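Next come two complexes, and both contain chain A; in the first it sits with chain B, in the second with chain C.
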Partner chain A sequence: MASPGATLKRFGLPVGLILLAFLFPLINGVTGANLMFPVIVVAVYVMLALGLNIVVGFAGLLDLGFVAFYALGAYVVGWFASSHFSDVSFRFLSALPAQSVTGRELPGIHVSFWLLLLVAGVFSGLWGVIIGAPTLRLRGDYLAVVTLGFGEIIPRFFINGDNIFGYNLTNGTVGIKGIDSPGIAFVPSRAWQQFGTLDLSPWYYTILVLVLITVFVNIRLRDSRLGRAWVAVREDETAAAAMGVNLVTTKLWAYALGAVFGGLAGAFYGAFIKSIFPSSFSFNVSVLVLCMVILGGMGNIYGVILGAIVLQGINFYLLPQLNEWVHAIGEALSNPFLAAVDLPKYNFFLFGVLLVVMMLLRPEGIIPNRQRQEELREGDEDDSATGLTNA
Partner chain B sequence: MALLEVENMHSFYGHIHALRGISLTVEEGEVVTLIGSNGAGKTTTLRSIHGILPPREGRVVFRGEEIQGIPAHHMIKRGIAQSPEGRKIFHRMTVTENLEMGAYHRNDRKEIQEDMVRVYDLFPRLKERVKQEAGTMSGGEQQMLAIGRSLMSRPKLLLLDEPSMGLAPVLVERIFQVIEEVNKQGTTILLVEQNANVALEIATRGYVLETGVIVNAAPAEKLRQDPKVREAYLGEI
Partner chain C sequence: MTTTQEAKSRGAALLDGIKASSWSSRLAVAIVAALVVLLLIQAVQDPGQFVSQLLIGITNGAIIALIALGYTLVYGIVELINFAHGDNFMIGSFVGVTVLSGTFLGLGFFAPIDAGSGAGIKIVGVILALIVAMIACGLINVGIERIAYKPLRNSPRLAVLITAIGMSFILQNLGLVWKGPSQISFPGLISDANIFAGITDAVAYRWKDLFVILVTVPLLIGLSYFIRGTRQGKAMRAVAQDKEAAAMMGINVNRTISVAFLLGGILAGASGVMFGLFNGTTVFDLGFRQGLYAFTAAVLGGIGNLTGAVVGGILIGIIGAMNDQYIGVRWTDVVIFTVLILVLVFRPRGLLGDRSAVQGGGGE
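What follows is the complex of A and B.
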């Protein structure tokens, strides 16, 4: 049916971008740009933003505690792929050598990262349901407050979990260190058999595939019956129920699916960064991810991806770069304030300003979702309409 | 056996006793109307039957099965559709998407398409606006869409709440013609209406509600002659 031109238009850009993404390590290597590390972290945030987009963008449930799932995913990897539980020794398909350098058996639980990815996804998803269930009757502000509470409880639990009736579950503020690297045994390359810190491309391809899976699932969800039900619930719960939409399961699916991607991103991040602390999972992360969703365009998959890239781009690239320039200017002018100012410290200030400006100029985000755009623009029309009828 | 039988139904909003023992029946093929003034409990009766406000006491029997206490989202599968007060169409969806939502619980794509054609035949105005955002249409068109959407589930019983609300008299007439047509095509209708005049014109039977109690029940023709009804609800002095 579709003309070749239309097909090209529809698939050309995504296919081009995916190709570019797969070639990125080569480009990075040739140009010596050295962007591997930041790009991987950005990709983790893209995944988080896409996960939160399911909850906030699709189902319209404001969630201020999304970091909880990110933390849970990371701790799953921390618990089951490190020497944390040193009184046991258990290996399962792990990429690590069976013995430590000293020849003794490795303490702790060491399970294959790939298996743990699944476990982390399922575990976080379950917690999504547990956290979602009591919030089902709440709307708007109340929902936001409860999710905020859960987002605070989980990191608290990890901080104080070093002494649960005498048992050290989370190792407190020190966190879990020395998390195992993943590996794919059958690939005849050392870098792939055990992901290292010198060559980051195996990490990169792993997160790229995870992001692509997330995007694919997001697209399928948006166009599914469930996706349509989310739109209906967002608009009018009573009418949706009259159409046969089960409000409880529809909302729980949003929480669960969003949490799954949060957990997957956390699991990857835990393995990649190798050490996890409760302080890496603060409220700031929830806010940052929410900003990405809002800035990019709630409910629009490509908008959300762009939002994540823009905000983390500012964080990782623009601010340090600006900082250097300002320092140089400061030194040239022998202005001690400019020479020593720490711009990256003000990143959240900048995000705040950015959000306010966005809300004023383009509340629907950079790339808006069609229905969302009308929801946000409709208020103005309503006002003028009532004004007319009153007059 | 009646299609719908409501027996001694009591419903509450918090502590407020809104329905005080409603009993009514709707036979297959009928148009039954509930008339009454503001706050009499007409909408509450529909909400209670539909499970949005589960009754605290009493029985609701639909096709021989008790359905009181069953959540609203199961009603459509059992054959009860509702076109709620204030229309409650999905404003940001297109006309087609709204109609598709009406068939949300169904999987038979081909028959859904046929039903959509049927709705467009009933409401040619909607057909001109398939791709339009529902919220941008006029009140009359939105009401047509709300009725059309509820028909997409092929209901045995259609609960219609105030279809004339906020519409110009010409449009009210047009809407009620279609309601009559829908009934002729085999859908039983329970109609709640402030505009008793038009409601009693198309109804087979009517119930008069006053502060949560049914005070009169008779064939529509007889209610129209009733001096009390004429005075209170038909605007005659």
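What follows is the complex of A and C.
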């Protein structure tokens, strides 16, 4: 029905961006930009932010402990695709050779990464329900605090997990090392048979596909019956319940689905980074991902993706780059202070300033959710009509 | 005759009460009862240790309670989780240690006050450190509100949360640049000796513990008087209850909000100096953990409720101390947050109910 112009308008930009994303390894190779590693990490964060967006953006449930699911996903891969449980030996569709170099059978559990992705998603989703269940009666910030509590308990459990009644479950602060690389056996290319550390493009394509699936699921969820129920709950819980929305299942679905993507991102990250420590799953990660969601524009999928890219871009690229720029300017002006100033020392400071400034300039996010924006405008008019803005 | 009947009817009423209660609340009572019994067994086995641990818990709790009051004051009025508050507390302890060193920005004002100084100088030093830290933290808190929160007062609530996180990063980084990444040691100005040294050795209650209580109690009384007895306090209660109606009554809402931040900052400053003198060290990322505990305490008591913050703080201090003794330090965080989650599951508005105290002491 739609005219070709409208179709182009609707699908042109997304298709163009996806094509660009698929061609990125080539561009990276030709220009020698060497951005593969940071881009993969950014993509992991995009996935996390999209997962949290379901909970915070769609359903309006403030979650300060999202890192818990990320950690759970990573540890699933750590447990079932490494030599951690050295007293057993079990292989299932693993990309690893059956025997180690010395010819002995590999200790530990080695399950195919692709299977573990599913397991990690389901496992995290289950924990999403478990964590979500006690919060159902809570409103507003109480809910945020309970999620924060879980977000603190789970990493702490991984830290102390080297001695659970004498059993070493998580190997404590040392973490789990030597996680198996995934691989696809039937692809002729060697790089794909077992993902290596030299050629990162198989990793890149894997996370790209995962991100695309996440985006697709997000869009479909947003437009689904469940998605509308989430928005209804977000705007007015009581009214939503009165209209027949089942608050319990609606909220639990939000937690579960958000957690699934957190777990998937964690599983990928665990396999990619090869060794996981409890310290990589601190409260700061929850806060960073929450910042991405809010900064990008809560509830707006593209805004959230942009938020993740911008914040990680600042962290990875702008702040280190800034240091060099300032030094260069200092040298050009022969100003000894600028030439030698140690900017990385102030990274957190600059990051904080950027957060504050961006929020002051665009309080509704970089790309605000149109629906939300209109609701907010309405609220403002109400206020000004009665003359009750904070004068 | 009559007494037995009364007892019977009371028993019947209790039974009815139990029958009417939900399964979840029965479970809650059972869990609490079991924990209390376990603690009592420990108390009977070694009363001295138990009492010492209890007293340490109360001291730690008092420090946490002062920070928690800052969270709850602000939350009661602007409904914002002030993430930067814990870091403000850290700045307070840094200001305290700087005052005691007598040197600031390379200028030596007086000789460092340390364990070797005279008793009079020590007392003056501690009071000076407390006052300077309180003023500094109060002003920092007001400044943060002006720069980062006030312009966003009509924006989505989560936007302010992000600027609060941003300010927290900024303060933490300032602390890092100011004093470096390692632990800073406080001079040992207050004696480690046991107060009861001559009477009994079983109970350890040090002069340090007494010092914390001696500073905390007047501050709490002062705060309570301010909220209940002064015009500005009345204005605060009014703004907490209904901002718009308060504005119509001629209350300067912006100033009242600033005062709330000022009070919170003052308490955080005092708490920071006490923490340093009590524990002997401070570090730039101290604010995160203590802030988290304090925030937990505020929520535990019912956020916005001033009495709740103090009760929650002391409760967390005691739970932490008991856990350190009987279960193990490494599980303290897990236990504290588990208690928090359980409390909120069974009492979704905190132990004492939220905002009732700020709103004039009325119940929900």
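Basically, the second predicted complex is superposed on the first by the 353 of 391 C-alpha atoms of A that agree within 3 Å, B and C clash if a C-alpha of one lies under 4 Å from a C-alpha of the other, contacts with A are read in each partner's own complex, and residues count from 1 in each chain.
Going forward, contacts are C-beta pairs under 8 Å (C-beta built on N, C-alpha and C of every residue); 3 or more make two chains touch, one makes a residue touch a chain.
This is a predicted model, so every value here is computed, not measured.
Counted by residues of chain A touched, the larger count belongs to C, out of chain B and chain C. Contacts of A:36 after superposition on the shared chain: neither chain B nor chain C is touched. After overlaying the two complexes on the shared chain, residue contacts for A:294 are found with chain C alone; chain B is out of touch.
By the touch criterion defined above, A:115 reaches neither chain B nor chain C.
In the superposition on chain A, A:236 contacts chain B only, with no contact to chain C. Contact with chain C, but none with chain B, is seen for A:144 once the two complexes are overlaid on the shared chain.
Comparing the two complexes, no residue of chain A contacts chain B in one case and chain C in the other. Those residues of chain C that touch chain A in the complex are listed here as 75, 79, 81, 147-148, 151-156, 158-163, 165-170, 172-174, 176-177, 243-244, 247, 253-254, 288, 292, 295-296, 299, 303, 330-331, 333-334, 337-338, 340-341, 344-345, 348-350. If you check the complex, the residues on chain A that touch chain C are 56, 62, 134, 137-139, 141-142, 144-146, 148-150, 152-153, 156-157, 159-160, 283, 287, 290-291, 294-295, 298, 345-349, 351-356, 359-360, 363-364, 372, 376, 380, 383, 386, 388-391.
Remark: chain B residues 50, 52, 71-77, 81-82, 84, 88-93, 97, 100-102, 104-105, 133, 135, 149-150, 153 touch chain A in the complex.
Of all the residues in chain A, the ones that touch chain B in their complex are 225, 228-229, 231-232, 235-236, 238-247, 370-371, 374-375, 378.
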